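For clarity, chains are labelled A, B and C in written order, and residue numbers in each chain start from 1.
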Amino acid sequence: MMSFPLLEVKDISVEYGVDGKTIKAVNHVNLEINKGDVVAIVGESGSGKSTLAMTFLNLIEKPGRIRNGKVNYRGAKGVVDVLRMRPVDLMRYRWKEVSMIFQSAMNSLNPVMRIEGQLRDVMIEHGTDESLVDAKIDEKLKLAGLTTSIKKSYPHELSGGMKQRVNIALALACDPKLLIADEATTALDVVVQRQILTRLLKLKQDLSLSLVFITHDISLVANIAEIINVMYAGKIVERAFAKQLFENPLHPYTEALLQSIPTLEKGTAIKGIKGTPPDLSKEIKGCPFADRCPKMFDRCLAEPPELKNVGDNHYVSCHLY
Amino acid sequence: MTNVGIDKERMEAVTSSRPTKRFKDFMSKLWKHRKGKAGLIILFGLVIFALIGHFAAPYNPLANNAAAFQPPSHAHLLGTDYIGQDILSWFMVGTGTSLVVGFTIAILSALIGVTVGVIAGYFGGKIDDVLMRAVDVLLVIPGFPLLVILQTFLPPTLETTVLILSILGWPFLARVIRSQTLTLKERQYVLASKLSGLSGMQIIFRDIIPMLIPIITINAIFIAVGGVVAQAGLAFFGLGDLRSVNWGTELYYFFNQDGIAYKAWWWLLPPGIGIIILGLGANFLSNGIFETTKPQKGG
Amino acid sequence: MNSIIETNQVTKEFVTKRGFLKRTTSTTRALDQVNVTINENEIFGLIGESGSGKTTLGLAILRLIDLNQGKINFFGENIYDLKKRQLFNFREKTQMIFQDPYSSLNPVVTIYKSVSTPLKVFHKEMSEEQVVDKVIQTLETVGLTPADQFLNKFPSQMSGGQRQRVGIARAVISDPDFIVADEPVSMLDVSLRADILNILINLKLKLNKSMMFISHDITVTQYVSDRIAVMHLGQIVEMGESGEIIKNPLHPYTKTLIDSIPVPDPNKKWNTDEIGGQISEYTNEGKNECSYANKCPFVKDVCRERRPDFKEVEKNHFVACVLYD
């Protein structure tokens, strides 16, 4: 944790302009990812977790726009702000430094091109020496847990899990330092999900990758992530090491979220969180969770809480602390 | 559980008719859409023009008491034709006839097309096979030659023309409606309606047809324009009822009664421009309907 | 305990045509000789991966598809023998809760109209006032309070969780005996799932409904279910009390499934060893072998020679695997 972070998100805000309204999807978020970290960003739909991840790659497109903030990446040539990169550098950055696997990526492979060709295109586009490409294709497929014979296949010949592995191979094509998985296994069956995630963890070990998992499934991150960020209504409300977060959740939202998921133990009753997330197109004066929070008091409605360290790198944004 | 008494207000609220409100919402949306608004204004303008012609045309279009081939003047704003009939009056009354022709063809074609399409799509199986083969047959026959043949053998009245055009107008719509129905019937709420005990026809009227209204309207608009043009085309070839006053017969007389020789451009332009304006208005309107009713993402 | 649903050797095949002039056909068995019994006042969980045939079984039990073979008894009577009038009565007694809260409500029909339809069809004797009363009562049962506010809303004016409650209200309003809930929470946010699950449990506890709960999520299923059946490629491979299935899974497939479930416990970090053999897609073509043989780490020659019997290995715990012969 002491070293300079690999990726540092500073005070980033993202807005979407839809139907004349401005939706504040991400609201003044700070985040650091260090070399070798496995970081999870957990949140429900509309929490802004995917939008936040898109800023890492400067992928926000109309009608969205980045209101303010920086995404500092520490590359070979020192620290650069991803949001202010020239397009040509950005293209290099997106595969060679940071790459991303999406949930929908499974269906985004080119249907009329063999797997091999798709990998080759990416590699050559990013300046891989042509004589090395064949060996690298085999290497990446093996890394993703696939037999090299599938490189002659077309996407429709593969199962969902295999296609997602091809996407891992694609994401690894240019040896990135950081891999972001945005709900990458949500559409897959549990057994395949586990296989893919353990494969990613193994890659992290073998290639000293940093990993960021974006997911709605808080149970899942317990099994894979070291540092967990909980997002709610465009803000990170709690950040802690996995062990701390699950054993001692501080934010009432995290606590309620953990109480709302069933476990394999019979007999523990679960309860949902009352109400709905706030309308992000409206100005929120206090804490965004205030009107659903069982521990709400006057101050929560008046001023927004700051994300602060309450000891042992356990951050929480709540007036109780 | 609280036992709530029923007050009148609430009963009215749940039983009051909603479609009118939806129609209003839709119209106000369309009015805000640039092309939609333009289309509405153009088509509405044509209708007003035709109505004025029906009730207050300056002359009887069939009265031939002026000099022939007069260029536009104060007395005859669009001049006169080969036997001294007032062209403006002819055009105004003719607009009415042409619009009624187009509208009737659209309604009849839509009725047949929607019925066939929805039934084939929803019930599937043998019914689908039979109906769609019929559609295929009608679609592969070259339309205009068939029109010409039919019109030649049937009595030359405007009604037969409308009927023939209606019968030839629906097959394409039926295909579109059928494929939409195939998608719609897979929606879970259709299954939910089935489980609620509703019959096939009830489901069609509740879960299928309301969703098809925009697409039916758009297609009907094009059928109407196509109908007007086809009728004009037939009349141009001297087929159908040539005593009827409409855009087509106006063109027919222009070409057959020395309009070209006299360079009577004032005679040719009105029906031509009328058809262009109608097509333009129809295009704008259907574009507006399409864009204001296409499904939006998310909830 | 009395059984409400009993399936007997239920088999459903789907034929796909391919190739030039569609002359090559291949048959996939979505349901392969399924025998399950669902008891009165019980929530019966059915788990399986996508493509395992679990939804097909749900549809078959409600007679929404035709079978190739087998019969399904509802209170002892084969529903596939019902004539029109009897089928109408059967429809009144059975209902379904859907997965997708966005597609299961007609967007141009008000909540009142959607929910009241089963009443208006099955209870024509009720007056409009009675119907309104019953709709309000039912909406309140599923937690949509104050119900008045929702009557005139359209689905687009409600959140996913609220829509799902409307779906449940529509399913229970005509007082059915048996409900199929097909992945009712899989499309909802985590924090909203709990309330929906608790409503389903209360339907059993307070209104004595019987239910088949279909899901790919074992944690959720065991939370609501009394018994669980595990489906794999159209076959039931294991069935038993839900606590028993979780604690003591017998079939190798069930074991793999349970091992793969994420558990909210940071002390159970996944190690980087991969589990459960190869991933690739198989379909059930009705061969005379164990459906799991291609993936099973314990596969023996005998697994490919015949189908394992589905037998009671422990009390009320059934499994189809040669390891327990």
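Simple rule for what comes next: a contact is a pair of C-beta atoms (placed from the backbone, for glycine too) under 8 Å apart; a residue touches a chain by one contact, two chains touch by 3 or more.
The shown structure was predicted, so the numbers you read here are calculated from the model rather than taken from an experiment.
Of all chains, B has its CA centroid at the greatest distance from the CA centroid of chain A.
Closest chain to the protein centre (all Cα atoms averaged), using per-chain Cα means: C. Mean C-alpha positions place chain B and chain C at a centre distance of 48 Å.
One inter-chain figure worth recording: chain A and chain C are separated by 32 Å, centre to centre, where each centre is the mean of the chain's CA atoms.
The distance from the centre of chain A to the centre of chain B, with each centre set as the mean of the Cα atoms, comes to 53 Å.
Chain A has no residue in contact with two or more other chains. Multi-chain contact residues of chain C (touching two or more other chains): 159. Contact residues on chain C toward chain B in their complex (touch as defined above): 62, 64, 88, 91-92, 94-96, 98-100, 102-106, 108-110, 112, 114, 117-118, 121-122, 128-129, 132-133, 136-137, 140-141, 147-148, 151-152, 156, 158-160, 167, 170-171, 174. Chain B makes touch with chain C in their complex at residues 1-4, 6, 10-11, 13-15, 18, 22, 187-189, 191-198, 206-207, 210-211, 299.
The part of chain C that touches chain A in the complex is made up of residues 49-50, 159, 161, 189-198, 216-220, 222-223, 242-243, 246, 256-276, 279-281. By the touch criterion stated above, chain A contacts chain C in their complex at residues 44-45, 145, 159, 161-162, 189-195, 197-199, 201-202, 205, 216-220, 222-224, 242-243, 245-247, 256-264, 266, 269-273, 276.
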